[in-house]
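Residue numbering begins at 1 within each chain, and the chains themselves are lettered A, B and C in the order written.
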Amino acid sequence: MKKPLLQVNHLTKKFGGLTANHDISFQVFEQEILSVIGPNGAGKSTLFKLISSFLRTTSGEIIFDGNKISNLAPHIVARMGIVRTFQETTIFKNMTVRESVVVAHHIRAKANLFGYFLGTSTARAEEKEFARSADEILDFLQLSSLANEVASNLPQGHLRALGIAIGLASNPKILLLDEPFAGMNHDETMQMVELVRKVRDRGVTILLVEHDMAAVMRISDRIIVLNFGEKIAEGTPAEIQENEQVIEAYLGKEEDLVGLYTC
Amino acid sequence: MEQILVNGAYLGAQYALIALGLTLIFALMNVMNFAHGQMYVLGGFVTYTIYGQLGMPYALALFVTAITLAVVGAVVEKFLFRPVIKRSQRDESTMLLAAGLGFFLDAVILLVFGEKQRGVPKLINGVFNWDFRVIMPYDRILIFALAVACIIGFMLFMQYSKTGRALRALAQDRDAAQLMGVDVDRYGMTGFALGAMLAGIVGGLLVTITGVNLGMGGPTSTKAFMMVMIGGAGVIPGAIFGGLILGFMESILLSTLASYGDITYLVIFVSLMIFLAIRPNGLMGKPWG
Amino acid sequence: MGLIIMQNKKILFTALFLIFVLVIIPSLIVMTSRWDLYYTLSSVALLAIASAGVWLTFYIGRINIGQGAFALVGGYVTAILITKAGFSFWLALPFSGLFAAFISVLIGLPILRLRGVYFAMITLVLTEVGRLSALALPITNGAKGISNIPLPGELSFAGITIIPDFASFENPRMAFYYLASVLMILCFATLYRLSNSRLGHLCRSMQQNEELTSSIGVNIAAIRIIIFALSSFMGGIGGSIFAVMSQSIYPSSFQVADSINFMLNCFLGGLGYVFGPMLGTVVLYFGWDLLFQTGKYQMLIYSSLLIISMLVLPNGLLSIRLSGRKKS
């Protein structure tokens, strides 16, 4: 097997007396699509925020490409190549689609802030390159026709694509997707599945957190299941579907089951 | 020492009452009411007019003050804050509107009541004296008791009345309250009126002790903001704690720092800044309000 | 083609503005002998500089009611350096701005993490702390303040006089007018350049969503500090010249009301427009002055107009022009 790109070792996160993640370990390999699933409150989003360093770990460590990244500032982790997307409410509301994607190229910038201010030749050349790259990304995600639309006017599905576009602009090695299928109907979900696959085929490793079982089964190379903050299973979609503990975890929470299969 | 504590409690009760109104408005509308101090001053002047000038009973004066300020609060909410909140997504707009309203109320007070310091006849004469350890004029004790009664009354109202429950629901989660069928507009107005009324009542209470003048508005607002921030913006018990803490700090520091010159407020303000830098949500606040 | 026309238009506008401020206004003053206007206009320019600073903090999504404190710091540093340490004004001026910026970095490190009402309140308290410190500290001379600050002396470099001694002018007020307006122009040029540069785009991203901005690799803490320091620098510069122009500084020179006015200037002009704070300052200052004739109704009319403008023009005065253009 390929060498792991991201290693999570014995990760624990406590909020006061509450343990949100307990002793979680797993690995993410290059160019795979790995999904983290689990009932509500299983600690998925906490795990997500720990990996993108939006939260500090209580114990354990996260290793990326051989470097320890846990508890670094979020922008540094992003610069190393781990970029998260947000749920669709988190966007630059008053910017156009194109502006958002252009500004998201910031990671690639070599000129410093003073250079931008003065408009040095490096900075100007970069601006041109970013604009070109932004157009390429918009084209790739089929957002070109909406490039000059203000982000807050976009419908939900396109907002999510915009989130991915912003993520791609920073040229990530791993893209963390936060519930990319939430609230989508069947057709939209299938389109999104295709989109995520295309992104992976660009060479980006995908780690996603999701509720929608059907989509997860369809898209993932491997799946990790969390319950009550602990990892209870790991395997291919086929293995997970057979896993008794997983079935129990899901059956034990009836309202989630309803949520899972009705949307 | 006893004297300091008694002074602290006396100050704290009034402060808490002012802070309650401000925090209520903040919790309901997410508006930092810069005009709160002016509402307090207006309350003082209304009581002054009815009790001091017209010679009517104090209880009636206080009642009319409460009604007047409630009406002012309701009108201001309906015709100024509500439209601006509906149209603007930025916090700044309501804050600036409140600042503008503060100027406006100052102007109205100046025109109607003038800029002179005004006082009213004492409610009761005499001084309570416990062995020279605690000395407190009777009228202050009465005002303290009234302030405490108002605080308790307000808390009971919020806890048990239908309106109070609706207001709490609204403060906790605007969208959820709306889904549950709470008439958001109506209760927003009620809450604003109630907040303004509390400010007015404090004005009406304190005019009997300290008198009232036009310049008191701004500093009162600043103090009220501090209390609200200490307790945690938008948290009702927090406002009471904030008021008490500021009252005791003032009373203690005024007596202990007296020899160092006029630095009490500097010390209070600086310690508040340090406290907020470490604990931005105050004692009991939710993250980011 | 369109781009070139736009650029030419911009250059034309800039040139017209410069001619208006630096040539037409002074000539008008000379013709009408309204020498007092120099003082008024210099004040407006200084207030516009301080307001521009407040606009910058708005630009990263922070409501700043602390500019009064930084203007006060600037004023006192200048006053102390000139009267007690014998500094030349030309050295004290940049030093005052830098000192205000330095203080703002110290304070900003902990408080810039706060947002919304929390940041607004703590900066409001900061203005009070500024005033109370000026009252309490020995070096600031308490409530009496520092008066009799001498006029700026000569600025020379390698024996060549760049700016002559202000006292040598027949009318030092004219010299202050040029000083204040040139600095204001520089200040707004900086603002314009900043908002049209990549740094400006990053600020706008932060204004809309700090988390997302940091997720695309932007060091938001650093940008916040830089912008806040720049903002306070402008406050310090404004306060410094103000102190020298009025030849005195008191704890009450800049207080909460001034901090709020700086904010109102930005808001009235329009938070979305670089030149908003300048226009807002001009309109509010002269609006207040014009209303002087209404006597005791001055405050009432002023505040009513303010409230009405917020109801009718929530995006500021400059939004009229732009929305008009969009329709056509």
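Keep this in mind: a residue touches a chain if its C-beta (ideal position, glycine included) is under 8 Å from a C-beta of that chain, and two chains touch if they have at least 3 such contacts.
The structure displayed is predicted, hence computed values, not measured ones.
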Taking a step as a move to a touching chain, how many steps at least join subunit A to subunit B? 2
From the C-alpha centres, identify the chain that is farthest from subunit B. A
Which chain has its Cα centroid closest to the overall Cα centroid? C
What chain pair has the highest count of contacting C-beta pairs? B-C
Distance between chain centroids, defined by C-alpha means - subunit A, subunit B (Å): 47
For the pair subunit B and subunit C, the C-alpha centroid-to-centroid distance in angstrom is 33
For the pair subunit A and subunit C, the C-alpha centroid-to-centroid distance in angstrom is 43
Spell out the part of subunit C that touches subunit A in their complex, as residue ranges. 193-194, 197-199, 201-202, 204-205, 208-209, 211-212, 214-221, 223, 226
Provide the residue numbers of subunit C that touch subunit B in the complex, in ascending order. 58, 63, 107, 110-111, 113-118, 120-122, 124-126, 128-129, 132-133, 135-136, 256-257, 260, 263-264, 267, 271, 296-297, 299-300, 302-304, 306-307, 310-311, 314
The subunit A residues in contact with subunit C across the complex are 52, 54, 73-75, 78-79, 83-86, 90-95, 99-100, 102-104, 106-107, 109, 111, 113, 116-117, 119, 123, 127, 166, 169-170
Residues of subunit B touching subunit C in the complex: 26, 30, 32, 34, 80, 83-84, 87-88, 90-93, 95-97, 99-101, 103-104, 106-108, 110-111, 218, 222, 225-226, 229, 233, 261-263, 265-266, 269-270, 272-273, 276-278, 280-281, 288-289
